[in-house]
Amino acid sequence: MFRCLATGAALAAMFALTPPAGAEEQRAEVIHWWTSGGESAAVKVFADQFQAAGGTWVDTAIAGGANARTAAINRTVGGNPPTAMQLNTGKQFDDLVENDLLANVDALAGSQNWKAILPAAFLQAVTRNGHEYAVPVNIHGQNWLFYSTAALAKAGTQPPTNWDDLFPALDKLKAAGLIPLAFSGQQNWERNLFNNVMVGRGGHDLFVAFWGKRDVAMVKGPEFRKIAETFKRLRDYVDPGSPGRNWNDATNLVIQGKAGMQFMGDWAKGEFTAAGQTPGKEYGCTVLGDHGIAYVMGGDVFVFPQLKDASQKKAQQLLARVLLEPDTQIKFAQKKGSIPVRLDVDTSTLDDCARKASGWIHDVNAQVPANEMLSPPALTGAIQDLISQYWNDTTMTTDAFINKVANTLTQPF
Amino acid sequence: MDRQGNVSLRGVAVAYGPVRVFDRLDLEVAQSEFLVLLGPSGCGKSTLLNAIAGLTEIDDGEIWIGGRNVTWHEPKDRGIAMVFQSYALYPRMNVRANLSFGLRVARTPRAEIERRVRVAAEMLQIGDLLDRRPAELSGGQRQRVAIGRALVRDAGVFLFDEPLSNLDAQLRSELRVEIKRLHQRLGATMIYVTHDQIEALTLADRIAVMKDRTFQQIGTPQEIYLRPVNRFVATFVGSPAMNFVPGRIEGAGAPVFRSASLRLPVPGYKFAHAPADGAPVELGIRPEHIILAPDASDAQEVSVEMSEPMGSDLLAWTRLGDLPLSIRLPAETMLTPGDRLRILLPENRLNLFDATNGARL
Amino acid sequence: MSAAIREPRGRRPWKPTPARLGLYAFLLISALFFLMPLYVMVVTSLKGMPEIRQAHLLNLPAAPSFAAWSKAWFAACTGLSCNGIRVGFINSLRIMVPSVIVSILVGAITGYALSFWRPRGAVLLFGVLIAVAFIPYQVFIYPLVRIFSYLGINNSVPGIVVIHTIFGLPTMTLIFRNHFAALPEELFKAARVDGAGFWRIFGAIMLPMALPIIVVAVILQVTGIWNDFIFGLVFAGRENLPMTVQLNNIVNSTQGEREYNVEMAATLLTATVPLVVYFISGRWFVRGIAAGAVKG
Amino acid sequence: MRIGSRLSTHLALAPALLIALVAYCGAMGWTIWISFTNSRMLPSSVFVGLRQYSSLATNERWLTSVQNIAIFGLLFIAMALVLGFMLAALIDQRVRAESLLRSVFLYPFSMSFIVTGLAWRWLLDPTLGIEKVGHDLGLAWFRFDWLVRPERVIYTLVLAAVWHAAGLVMAIMLAGLRGVDPEIWKAVRVDGIPAWRAYLFIVVPLMRGSFATAVILLAVSVARLYDLSVAMTNGGPGIASEVPAKFVMDHLFERGNVGLATAAATTMLITVAAVLAPLMYWQYRQPARRPL
């Protein structure tokens, strides 16, 4: 809702703070968008660990991901970069690498043996032209289905396990007078829901073919049509108040038992936790897959702009190393609700859902790279417009949708 | 409808909040009479006119027009028409529309509207202006149109609120004649507000002189001019203004006016009420009433300070003792400053006013 | 004749005409329409969160509490810092006061120079100013950031003052030019004959006569600058962030429970200054506009 | 003109000139140049001719935005003028509590569009706002869900914007009404012209200046419409309430498509210039020194 404000916030950070030159200590100014309660607790883990290792953490938090990114990138281009900045795992730093604005972390990748400890998709996501340019810090699952145990019990149905199960369950919820699907009708969540359907019904290959390879032939095929129809069918199960709603308000409907379920990333767990609910008891989490588990993994990375100052460079190296240390990783994941990006840490202290996910990230077949890792923001945005239109405009046919999507995929982005 | 037009105010009072503007004014205006309300600005004459028109609410009393009690009537229902100082033409309508708008609103038949507009236009010689807009007219033309708009209403009473004040002298006198002619042709009752005494004297059947929200004197122009009821009326009407000489009245049987430089027996003066012996008075005489009498034995001598040729006549500014005295003389009189004149102040032209309250004696 | 029938006399008895009733009805309904959002914000800010979830928007609070207001002012959080929106209040004042003065002064001088002196190219300059008024200023931010960075005046109160002057210029010039253009040219000529020069005419004659318009300008600029978010954030620098930034941080936190009462209280607190300005100066505003801004 | 005065004039105009040249023209020039490049997240200097424009011409969201701004602009200006004028005319009838009413109608203008959008979003949300109030009162049939209906949502933006601006129009109109010759009103009453006809045929034509000022101010906020759409609907549902300024902003920053964004901005620029240039020309062919 306050995106315009936040965009300004992003811009503000362009020149927000210039680290004092010649500081002997290892000062690191970090731009990130982890501003809410749980998030700031998580980022505090990074800060504390960095301090413990001898650095000084200078915090520049800007609410709203898109805004923080814009700010950080503009500052970097404008010649006033932060020591480090948060981005989403994926294509967001392509342009920065192309313009030679980022320092690589090849040395660290070698010494920490990233090939062995990171999931392949994540290693690939930070690698450009054979060099590593970012430090991944966590993994967020984007296609969870959360459900209220009480609501399902009231409707007399079991948690669904695949997309064909889903609709009878939704019907029962509807019959019980509940909102079957809690939904937040904002453009990016509409796209996320579509992605959930796409990966659930089509599996890993189709998802990658769509976002990564822009496979027009696939889009015109029967499978994609089925996905589009399924997506549109979900429209019958959301309430009239959904357009414009915030995702956490939708989550709260599930928490209160007013709604049966919600498709959302694992960050929604924070809401349940804040309401005193635990997974497996008041609510449950699952991933629906017609072709077995296909777990969409996104996450966050830190990148390090090219700097001249030697002590700054040292600070970058120190920070990069600290971020991936096992201790940091597990503590951060506990607070954040995500799972560690390292495959070699002990995840037994994490919650139910996270432990499930930890299993999947060891299984190459279950892993799907997230939308942001596959397509640049311009393409994502253009497709998002179409998805949003298709979802909201009752007169738009599936044929028209498919044609427009196919058309957009062929445009240069 | 027969255009009856006698207007009668009975005990009219107007107040703005707690401030009383008028207290119980009475006024009778006869059918076809031309009455001028004359007074300086702020005397309440326009407010009175607005009260007659119904544009100002009255707080007490009754207003009768054409034999009807219209106290509570809307302006449009009072059988009046009105002309304003700023013309108040409807700016974006052409002259024809300005004239006919009120009639169209009242759903007058089209033919009748056309007839009335034609008649009015003819009467005011604005026939060739009908398709112009007010902005394209001169001041005089605008005021003709404004009068025309009043004409088409076919009302029994016409109210004029300083209609000529915004015009230059030439146009003013032209339109004055026009209005007088109109009055004679229409035979309607007209009530005309002005602060210009020339207009009042030339136009009126009767003049009501106002000051401080009360009538000072109501009478024909002659009465007002020749027998002003008080010093205010005497000063306000007439140009150049009446001369005043302060002094005293002495002698009960054969009254004599006496001042520092003047002793004037006034045995034949018609006192309204006789003053006490030795009472302070002011003697007033108009410049044109002073007579040159070089040979008369009882003449007064004055010295000329300055002379103003006015074209048709000449105004001599003189001194009687220390007092200034202006005298209107024939245009061909030759005067130089320092000349001494012998003059007579005819008794039948004299005005005596009580020096304490200004009332005519 | 019966004496019971009273002749019309004196003040017309007041009768509620349908037109008059309709007029008041319309004004009343309009007033409700205009007040409803404010009402909702106020009552919501006085409710507790459970009540907000249960009862509907228009209900009066069951137990009015200023807890949300005090939290918004002193303790609302964004990320790690929990100092409420009071932090920005002083900054907002520090930005607003010089920005209002400078932008009005520049606008008044420009309008004056354009209306009376009409130098060559005045029409073109005025045309550019008017055209810019119609362009969303977001379009300018990107290049302006680069320019300001190059000039080294970003991140400072002077920088933000310049920005507000830049974006206030079209409106300020327009209203001052219109006001001055409506003044009689004889006035200007008389001053020239008396030997007054450019600045003297401006300072001694034109500016004092422009007082009603200055009031309008102050009202417009105070609200515009106080409500500004983007410019303050981009150009004021980390140390001078205005109050609206804190507001954004509070209402823009999308994760965790949303405290609508605190959001509403913060919104109202932020809106207080312009609201007070409007309620106090509504009368002058109309007079000021009447004083020349609308003459056609 | 004396040398000193001429120098002073130029000195006085120097800030405005500098701003116009550097800030306005510089920024516009940069924007136009970038619109011919293939800039993505960062400005680039690879010239691609009109490619961004041709892709803009087929961009459905852009077309919807343009259509929306046209509908919004016409409705908003018309309704704000009508409501503002009516309020002014009614307030001018010597009503009680005039100054209170005036403040009540004017205060929304002191609110930012962000706050306006937020407040109206709550009121119009069918599960929170007016519709819910209706349901709670037992009016089960009551529906006011335009905010969530793609084909109606643009009218809710109009509603909120009218709420925001009608008071300003009222103030302008009130100022205009107070400038009408009082004798016109007297003439109207003597002629027996009903109030509505007097307003429509006599007073409204007299207040051309007030209307021009109001239309200009309203048109400025139409062209700049951004915050309201973001705060109230964020362009939704779907893309049903997208507007051009938001298209520019989103593509400039969030979507890293600077080329397309600047092409859209340039298109807006040209449109504004195309509408404004003849108006300015007409304005300045009139006798000199007439206020706009």
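Every chain is named by a letter (A, B, C and D) in the order it is written, and numbering of its residues begins at 1.
Keep in mind that, in the parts below, a residue touches a chain if its C-beta (ideal position, glycine included) is under 8 Å from a C-beta of that chain, and two chains touch if they have at least 3 such contacts.
No experiment lies behind these values; they were computed from the predicted model shown.
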Those chains which touch chain C and also touch chain A: D
Minimum number of chain-to-chain contact steps, chain B to chain C: 1
Chain pair whose interface holds the most contacting C-beta pairs: C-D
Centroid comparison with chain D (C-alpha atoms), farthest chain: B
Distance from chain D to chain C - Cα centre to Cα centre, in angstrom: 15
Chain B and chain D, separation of their C-alpha mean positions in angstrom: 56
Chain centre separation in whole Å, for chain D relative to chain A (CA means): 37
Length of the line joining the C-alpha centres of chain A and chain B, rounded to whole Å: 92
Multi-partner residues of chain D (each touching 2 or more other chains): 114, 118, 128, 226, 249
Junction residues of chain C, two or more chains touched: 229, 244, 251
Chain B residues counted as touching two or more neighbouring chains: none
Contacting chain pairs - touch in the sense defined above: A-C, A-D, B-C, B-D, C-D
Chain B-touching residues of chain C, taken from the complex the two chains share: 7-13
Touching residues (chain side chain A, partner chain C) in the complex: 1-2, 4-9, 11-12, 14-17, 34-40, 43-44, 59-61, 63-64, 74, 78-80, 246-249, 252, 267, 270-271, 274
Of chain D, residues touching chain B in the complex: 181, 183-184, 186-187, 189-194, 197, 201-202, 205-206
Sites on chain D touched by chain C in the complex: 1-2, 4-6, 8-10, 12-13, 15-17, 19-20, 22-28, 30-31, 83, 86-87, 90-91, 93, 95, 99, 101-112, 114-116, 118-120, 122-123, 128-129, 132-133, 136, 163, 166-167, 171-172, 174-176, 178-179, 195, 207-213, 216, 219-220, 223-224, 226, 244-245, 248-249, 252, 258, 265, 268-269, 272-273, 276-277, 280, 284, 288-292
In the complex with chain A, residue positions of chain C that touch it: 77-80, 141, 145-146, 149, 154-155, 229-231, 233-234, 236-238, 241, 244-245, 248-249, 251-258
